[in-house]
Amino acid sequence: MAIQAKGLEAPVEPDQRLRMYRDMLVARELSDRMFTLNRQGRAAFAITGQGHEAVQVAAAHAVRPGVDWILPYYRDVAMMIALGMKPRDILLGLFAKADDPNSGGRQMPCHWSWPEMRVVTRSSVIAANLPHAAGIAYASKLRGLDEVTLVSFGEGATSEGDFHESVNFAAIHQLPVVFLCENNGYAISESSEKQMAVKHVADRAKGYGIIGQTVDGNDLIAAHQTLSWGVGECRRGRGPVLIEAKTYRFSPHTSSDDDRRYRPREEVEEWAKRDPIDRFRTRLQGEGALTPDDDRALRDTVKREIAEAVAGAEAAPDCDPADTARYVYFEGDSAQQRGAG
Amino acid sequence: MSTKTYLDAIHDAMWEEMERLPTMVVLGEDIQEGGVFRATDGMLAKFGKDRVLDTPLAESSIVGIAIGMAQNGCVPVAEIQFADFAFPAFNQIISEAAKWRYRSNNAWGCPIVVRMPYGAGIRGGMYHSQSIEALLAHVPGLKVVAPSTPHDAKGMLKAAIRDPDPVVYFEHKKAYRALKDELPDDDYVVPIAPAQVRREGGDLTVISYGFMVHECLQAAEELAGDGVESTVLDLRTLAPLDRTAILDAARRTGKVLIVHEANLTGGIGGEVAAIIAEHAFDDLDAPIRRLAAPDVPAMPFSGAQEDACLPSKETIAAAMRDLAAY
Amino acid sequence: MAIQAKGLEAPVEPDQRLRMYRDMLVARELSDRMFTLNRQGRAAFAITGQGHEAVQVAAAHAVRPGVDWILPYYRDVAMMIALGMKPRDILLGLFAKADDPNSGGRQMPCHWSWPEMRVVTRSSVIAANLPHAAGIAYASKLRGLDEVTLVSFGEGATSEGDFHESVNFAAIHQLPVVFLCENNGYAISESSEKQMAVKHVADRAKGYGIIGQTVDGNDLIAAHQTLSWGVGECRRGRGPVLIEAKTYRFSPHTSSDDDRRYRPREEVEEWAKRDPIDRFRTRLQGEGALTPDDDRALRDTVKREIAEAVAGAEAAPDCDPADTARYVYFEGDSAQQRGAG
Amino acid sequence: MSTKTYLDAIHDAMWEEMERLPTMVVLGEDIQEGGVFRATDGMLAKFGKDRVLDTPLAESSIVGIAIGMAQNGCVPVAEIQFADFAFPAFNQIISEAAKWRYRSNNAWGCPIVVRMPYGAGIRGGMYHSQSIEALLAHVPGLKVVAPSTPHDAKGMLKAAIRDPDPVVYFEHKKAYRALKDELPDDDYVVPIAPAQVRREGGDLTVISYGFMVHECLQAAEELAGDGVESTVLDLRTLAPLDRTAILDAARRTGKVLIVHEANLTGGIGGEVAAIIAEHAFDDLDAPIRRLAAPDVPAMPFSGAQEDACLPSKETIAAAMRDLAAY
């Protein structure tokens, strides 16, 4: 698959490259650990995005943190890491701890919410947050604010009515929304031919009169260029755009899934050769930006940090049953609440 | 004071809030031309097409977009053209709006208003007459209101717009032009939650809401002629219910009839009866009666059959007499 | 707009042409009468399709009655007339009479249902019957039956999630469904630019990998050719197809609507010049198939027939309130019921 | 007889009907690989991909397509992967399936089954634990069932498949592997509608359904140790309700506790209480009690908070003791 980056936006500086690499490593190690913790019976459930790291980190680096709005999905561990969420915070969610910043232990792990970073709360209901992205972007436009909204989802999500209604609305009003589809070829067990008769999710854009762009989601630099271009188009008033990043998940769908039932091992192995982290490492090493020794040291550090974060998060206090009925409605002074006027 | 219809009240509440809140947006289908019931009449010219937003014909996104707007500093008031067409938006209302604050542990709020013209008696047939309020009143996280008078319609819509949480606002189509009140010219709010005693009487209590309150009041009037004095309690807010007012009235009179035009089974009446049967049991002097539409999927277009579905002052009065005689 | 009929399917014989012309006249006269009856306070509500007659009659003549499945919408008065529904039957619905064959007076007028003609019951909920069309067609394919399903709707309906989900499903399974959009430029008051950023509804087909075809819906022969082609494609296993017939409604949306609030009179007058009935009359007369005298006589007959039908239907017995609670569930011997097994 | 889990029972009911009915189709997400709960395990190999249909991720169309199939000679059994994801399909269920027969004046029928795994207790968090049955039980035209045992699960699913009307079939996720029964090897049906007395006792009645029935039975057992004998009534069908069985039990014991894991307000318990308060009033010896989840939008992922939401044999026993002592 050819990289189809539109123009060369946002050249990536050496420092940034190393940060990106580190973020991918952290996300991978953290995600692997979350699965292990589940298998050990220490965590009820895990859902992660091993394999999707490149496009996720690319997206985080294409937006302006705290300015642009981000509506990620459960696979976006690496996106959140790259935005600055601490592994400990993600693990607090895994263990359903009281201090889980995403939901206070109410939601499954990796159901993100981070107001300061404009990461908007989402449910488990596939595609249901796409209209929210359109609404946020409409508000940006109405209020004359230079903000872009990025919403990510899988290719399965594009089958839902909410996908259609949201992209259609955004297209009609030319809203600054980047619709980012992380196409990993499967919605749980269903391969993408069961979701659509077109070859690429990007083809869906044609029905809305907007640009659809496919990119190799396992190529960090290509993905970053394409996403930066998309964000740029939105800022230039030429949004929305639909970006499809072709990728693959290395894990089962969740800790409750057994992907051997539906994915041929050869296919998994074939994609393993295109591991986005390995590819980026090779590139960095080829550029002389990373020596094998530095790499080994970095990976050891990351491993240690995650292990520490696990220990810390697991020891944190559980949710208090007495808080179960809190925050069904706003409590307190309604002038303080977010969102109104 | 000025004479206003129920529809004027709704229109004016939005208009005045639009003037006060520069980022308030009304959105829905045919909003710009004034709306099929004219609730947004004149707003396009006054507030412009960006704040008076014609959406595509797509209810799920109407609510979903409103939710998004509310996150980014706007105050959205979404119109679902008829409550009957709210079902495509149920996922956005129930999975998203209602659970927004709870699931984010109070980090995010979802201050949206979803207006839904509902109710029968206008020959609307099966898909322009439904009363779907009980479905949403079962959903914690939502507030559900159904004002019965122009005064409340205005005051509660303002309260809804100023509320930090999602409010589903049921406005009765038959009330639009049939009901008139003298309304204060100054800004006022009718708070969400408290029910309202519309009439006091010691012999029995009739509990209702929406347009049916007026049928109940007429029936109560008629019974007063025969010396039976009844309390008529207008719930006004269907979620959360005003348990205190319900229990007070039930205890005071010992006999309760609940009336609504939604179908009987699983309706608001069931919940109200259950609250009374649990918490005012010792004060009850008679079975708790319910009068509601029969359990048909929706009211027929045929006038004869629609009338057969709707409680009326005659059938209410008859039920009241039975109860009084118990 | 050019006629874009694909190939020349189903040449229309002179007899058939006259029948088509007559059907359009009947539908127009009946529809006008329904509006009048509402203004006179004799009917609670009217909804009709003046202006849409050509494409509707074309559709009825493109399908095989009793074989193909038809899911029409409230505007399709002329389609139903051309399928053989009697004006009296439609008027029984207008007056909510007990013998209304469509719904027994339960639904608004023009909410069609006619099992013998495989016209499937529908609600007032826009686009909600599109998945039914897909499901029916799936069953045809599964059961190896040579059946086509035709479902009609307005351009506003294409904004709903159900449109997307249905076309997508039909495309994935290559189902024999003709999705017929009668694009009259408005959804109540909203012009079509408020529904989509593409110019033609047919453009939406691209997002699904199926063929979309635009035709002049006020040109009976062109519409008939296009629809016959579409039905043929489906029978050849090359469905689904999305056919967009550009047309215009001459009436307000319903008897409760005032279209002067949103449609410029010049626009209405401009379209009046393209009245599909006038155009077809001119054509027939040009071909020598219809003399002015014959035409006058025919129109008189139609007028008289409709007047008689009105009188008859209005005098028919009302619904019995005692029947209000009937048929919530199946009553009687469940072996007789339609649909199962 | 063979030992079967609740999940086996569901699987086998479909399997046997698939063998009997050549046009029966099971459809939904991940159906072909056996379903996320394995209810359709092995069916792809046996019945082929056209009858074991993987749909796109789009619930509205899953139900809508099933409705269409049913018109054209198929017998569709649709799976919504989790009841929590049924809301996008609510329009198809409520506006279409439920009203299909009524609106066509019996010209058309809509014999579909929609299976919905529901319920909490499996650490599923807010969107994999909901009990949404009350919303659909308020909708005339639908039948709503919630079997509590493997025996009923099999027999009622067969009844649903053979029913001429739309049936929403709630299967409890916690029951899947937790419950086992000896099931007859021969074909059998458990009819939709009749409730079932699971235990007889004269002191009070506990009414419940679904997985909670087992908590109630354990509580009843415990109380029997203290000499309090209770009737446990398993509703099994939530719409239409078996009023006779409800009223019989209420009249016989004079005291009623209703238990469900759906949130309290507007739940099935309200309707059941209202029926009793209206029609068995004179036989009541105590307030009608309800025990249910608190009114939170959905159950938290946190085990501690989920447990705090769910009635348990302890809290049920405590409520029963209170009631017995009244």
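A, B, C and D label the chains in the order they appear, each numbered from 1.
By definition in this document, contacts are C-beta pairs under 8 Å (C-beta built on N, C-alpha and C of every residue); 3 or more make two chains touch, one makes a residue touch a chain.
All of these numbers come straight from a predicted model, not from anything done at the bench.
Counting C-beta pairs in contact across C-D and across B-C gives the higher total for C-D.
Relative to subunit B, the chain whose mean Cα position lies farthest away is A. Subunit A and subunit C have centres, each the mean of its CA atoms, that are 45 Å apart. The mean-CA centres of subunit C and subunit D are about 40 angstrom from one another, to the nearest whole unit.
If you average the CA atoms of subunit B and of subunit D, the two centres end up 30 Å from each other. Rounded to a whole number, the gap between the C-alpha centres of subunit B and subunit C is 36 angstrom. Each of the following residues of subunit B touches two or more other chains: 55-56, 58, 60-61, 84, 87-88, 91, 95, 99, 102-103, 126-127, 140-141, 295-297.
In subunit C, the residues that reach two or more other chains under the touch definition are 103, 105-107, 111, 123, 125, 128, 159-162, 165, 168, 172, 194-196, 328. Residues 69, 100-107, 111, 113-115, 120-121, 123, 125, 128-143, 147, 161-162, 165-166, 168-169, 172, 326-331, 334, 337-341 of subunit A are the ones that touch subunit B when the two sit in their complex.
Note for the complex: subunit C touches subunit B at residues 44-45, 96, 103, 105-109, 111, 123-128, 156-157, 159-162, 187-190, 194-196, 256-257, 261-262, 318-325, 328. Of all residues in subunit B, only 60, 84, 87-88, 90-91, 94-95, 98-99, 102-103, 126-127, 134-135, 137-141, 239-241, 263, 265-271, 273-274, 276-279, 281-282, 284, 286-290, 295-298 touch subunit D in the complex they form.
Of all residues in subunit D, only 29-30, 32-34, 36, 54-61, 84-85, 87-88, 123-128, 294-297, 300-305, 307-309 touch subunit A in the complex they form. On the subunit C side of its complex with subunit A, the touching residues are 159-165, 168, 171-172, 174, 193-199, 203-210.
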